[in-house]
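Two complexes are shown next, each including subunit A; its partner changes from subunit B in the first to subunit C in the second.
On to the complex of A and B.
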């Protein structure tokens, strides 16, 4: 087991390298370059060329990539070309904010998704099932920025129950942090909840019709114990897979929701960096994101082995 | 003095399934009883209604798509009159059930000891530790060697025979009055089958458990049961002691089933088979004897509805039963 895990971890290294290389090349494909931004308006071509040279942008892409990589492996992601802030520091400042938001959205997705999925599987093909199915189709189809705007106009501007914008760290002030977290988490997590509900319904219906569930009924277990302990445990592998996919999706979708709720997270950082062609900030953020996604997938993989004794 | 009340009394059981084409009757007019410590066989081919009978008694048929009428008294309580919640309380405590496929009938994700302990705790207020100890004890009783360490195994780590022993342990851990065994040995090889049947006999005798043994295999019945109920097309067609059934069957279907058992000493003879079913699906059943289309002894009188005739020590659903000297497991010698 331990050996298998180490092997899997080692296999992640080439994946991260490949991701960092592809992203590095892709950003350069976008037209424009940071020296134009830095040179300001009405700059001469010579001035722009001078800045390009000073930034090392005149060298070959491979050369630039290898230089970046040699620093990155030592934990040095460089400095923002535009703001001169250390990129590691900028990520350190914004990543926890985004992770808190993603975590909130994940809680919303799992809690609502599992409850709705279990309810509709237990009452398959009834009115309850149909209502849940149509609500979750609507949830899956709704863009999160639009849902965010609707939530803000109802619960913040209309009823004044919750703040419309802003962010507070959970560590600093849990109560205020939760009040700020509710609306963006719901906006971001709704799609995931719908997805989890629909997938879980299908998996559970199949499990609830299986022979071993009949045995559990025959030995006199209560229906709720059968569903929540045995059937849900049987659904763990597909459930964890969907949740893992949701984490990747949420990390991407957070950009839009951060904009709606005025949250200065990593999405905001990467969007403004991309607009300014601040190559190394984009590169740093994307590599960190890729690393998180890869680690989540790894954790999902490990959890399969823990939850199913047959593949241990 | 009154005779001891039988552990299981089934009266006028009727099961039908709701399909897109309407209600289809799967079991009709089934009545039987099983005494304490007795093993009674329920025999018939696929689709004869024997499993539907068992599942109906256990209350395990899907509520929305089936209808059950009649009564099934276990220790004086009618199982068919209970609410789902009340049923969950008596299932596993007053009656247990084991299934055909030990491979898929156990939860693959839980240790077998935990699955048994869970059953104990569903019915008795005992500590986790006491339930676990009881699980090890019953695993030992059903013949699992080294029960304490085996109780920590997962189902996939056990052989088919061992898994069926686990199923039996789980069904009997609360010492139910009634055990329903639905084809418990069909998925096992012959030597293991004999061991499992021996185990069922011993447990039934030692604990006074009334066992309903459902099978299509007359060999299993001969080895295990004291009485037999032969089912055909949802009805009981013959009910009697096992020896009477095997030596002198009175219903042509029982006799035909016996003839289907391959026997030593009959070289170069084709294996016997009952003619193909014609018109026996529930919606086009004949109004008279349901076996008529396949019966070698059919006569005009068989087209009338056939009641189950009470002959004292046996019952048979054949109007011509006393005119036919049907062959059993032993050839009759002309005197």
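On to the complex of A and C.
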């Protein structure tokens, strides 16, 4: 198992390299470059060309990529072309914000998803099940920015229970942080909750009809013990898989929710960088995101092996 | 008796409370949708920076908010002692926030830096400067290589924002993260794209100013989010409110929306490098095809004012007597199209910047053009792509966007009408335009300059170089307990001297 894990870890390297190469080429293929932005308001065509040359944008793409790579492997992601901020610092500033948001959304998705999934599996094909099924279909279909706007108009602007915008770090002030986190987490986590509920329902119905559950029932175990402990353990592998997939999805989806709630996370960083053709910021963020997604998948893999000894 | 005493007591306490309230102090939160691109004024790239920079920096020259005429700033007097020499007399008793004295040497340092720094975005604006001389601690001589009347108001914008020489020497390339000016507020912190905090400069040279202790700027990428923050009172005022939000925000209790004509003008750019718009008659046809009032009604609920000049009504560079030679007239548009060699209509390629209002504007114009037989395809893309495709590669025929205005009208006129400008796709020069432009920038007498801008506008109307459509008001939404808002023609609000109760 150890050798397998080391092998998987080693495979990360080419994946990240490939991702960085593809993104570098893609963003530079898009027309427009940062020199137009940098030339300011009263630009002349001559000045723009001068800036282009000074940024080294007249060199071949491969040459530019290799220069970037030679710095990146030494841990130097460079500076933003537009703001001059160190890219490592920019990521260090925005990533924790996004991770806190993703964490909040994940909690929402797991708590609501598991409760709804278990409830509908236990009452399969009843009215309760139908209600949960339709609510979760709606949840899966709802765009998170739209849900965010609805939540803000009800709970912030209408009832004045929670703040409409902004972000506070959990480390700085946990109470205020939670108040700020509720609405964006629900907006972002709703789709995941629906997804988990629907998948879990299917798996649990199958498990609850299986022989070993019948044996447990015959032994006189309480139904809730059977469902919450034994059946859920059986559903662990698919559950972990869905959660792992959710993390990757949330990292991508956070950008829209960040905009709705005025949160300056890594999603906002990469979108504004892409809009300004701030190439190295986009590149740096993508590499870090790719690393996170790959590591999450790796962790999911490892957890399979722990929860189900048959997978070796 | 008791009751009366209580009433009196209450009245006295509330009076006392009123007195406390009227005193200086407090904090406000300002919502802005344009985050600053740099706190180094001569490195920043966006016109939206000004609102975040005003509290930190004084400018050499101010402008009158009503007329945009030059007014005393850090320079108390400015005279062209010779046509090619501008002499500035500097204010006494001003120090930078780090204690460095503000004097002629500091001005020379700043202007030299603005001309020589490789990253400077004001090089073009200051291109007329040959050298800067320190005459005495209070007097600076700026030697020009040609008469340049636009320089005075150029110094009312980012080029005239004075930074502390000591701070630049201390921080070098990182100066933008540690800005020091002479302005009413000291820089405290900036979380990029999220917020900036500034605190009162206790040694500010203007007596009893500023009133506020602290200002927090909050930056929003999404307009709706900014509006939500305002409604939830997470901000006290919102700058640059789009026309579509004016009516809904006016309905919010305790909230005022202050509107003022501004230099921001909606209009269309043409590609002069190829058919059909290398032909002036085809451009005149487009000018005749657009119903500006209908556009204003659909796009801004009638708030924006139709205009055929690049400057708004009431501005000194605007010629009030100039009639539009190509007002909306569909029949004439068709006739002009036929004259230009397109009797059966015309296919053109249009492009628009992304963003709800930009796309709506382009679509309304697309419909209006269709009515006279001009079919415009429309690609929507982000600003760098559109700018590159239209202005550099010249692969489209027309882009309808806007022009945000500059403190001096020569900057606007040069940018839109000079063949050297980036914004002139194809480098078109209308007959007589070069003469009119140089007159407008070199005449010393304001009335002569105004007359020259009248000529520039008349030529623009005749040759349809940049097609002005609507003059946009600048709207600020502000809660009623915040006082002292001074809207200006420039459309960039300075929140430094507000007060609150």
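Following the convention adopted for this analysis, the second predicted complex is superposed on the first by the 309 of 312 C-alpha atoms of A that agree within 3 Å, B and C clash if a C-alpha of one lies under 4 Å from a C-alpha of the other, contacts with A are read in each partner's own complex, and residues count from 1 in each chain.
Following the convention adopted for this analysis, a residue touches a chain if its C-beta (ideal position, glycine included) is under 8 Å from a C-beta of that chain, and two chains touch if they have at least 3 such contacts.
Not measured: the values here are computed from a predicted model.
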On the A-aligned overlay, A:307 touches which partner chain: subunit B = first, subunit C = second, or both, or neither? first
So, does A:234 touch the first partner subunit B, the second partner subunit C, both, or neither? first
Of subunit B and subunit C, which one touches more of subunit A's residues? C
Go through the superposed model and pick first if A:48 touches only subunit B, second if only subunit C, both, or neither. second
Kindly classify A:39 by the partners it touches after superposition: subunit B alone (first), subunit C alone (second), both, or neither? second
Give one of first, second, both or neither to describe whether A:221 is in contact with subunit B, with subunit C, with both, or with none. first
Return first, second, both or neither, reflecting whether A:212 touches subunit B, subunit C, both chains, or no partner chain. first
Between subunit B (first) and subunit C (second), which does A:279 come into contact with in this model arrangement: first, second, both, or neither? neither
Subunit A contact set shared between subunit B and subunit C covers none
Would you mind writing out the residues of subunit A in touch with subunit B in their complex? 210-212, 214-223, 225, 230, 233-234, 236, 307-310
For subunit C, which residues are in contact with subunit A within the complex? 37-38, 44-47, 118-119, 121-125, 173-174, 176, 191-194, 218, 220-222, 224-226, 228-229, 231-232, 234, 382-389, 391-393, 404, 406, 411, 414-415, 420-423
Within the complex, subunit C is touched by subunit A residues 30-34, 36-48, 54, 82-85, 90, 93, 149, 152-153, 156-157, 160, 163-167, 259-262, 264, 268-269, 271-272, 274-277
Subunit B - residues contacting subunit A, complex: 58, 60, 84, 88-93, 96-97, 99, 101, 104-110, 118-119, 122-123, 154, 156, 167, 170-171
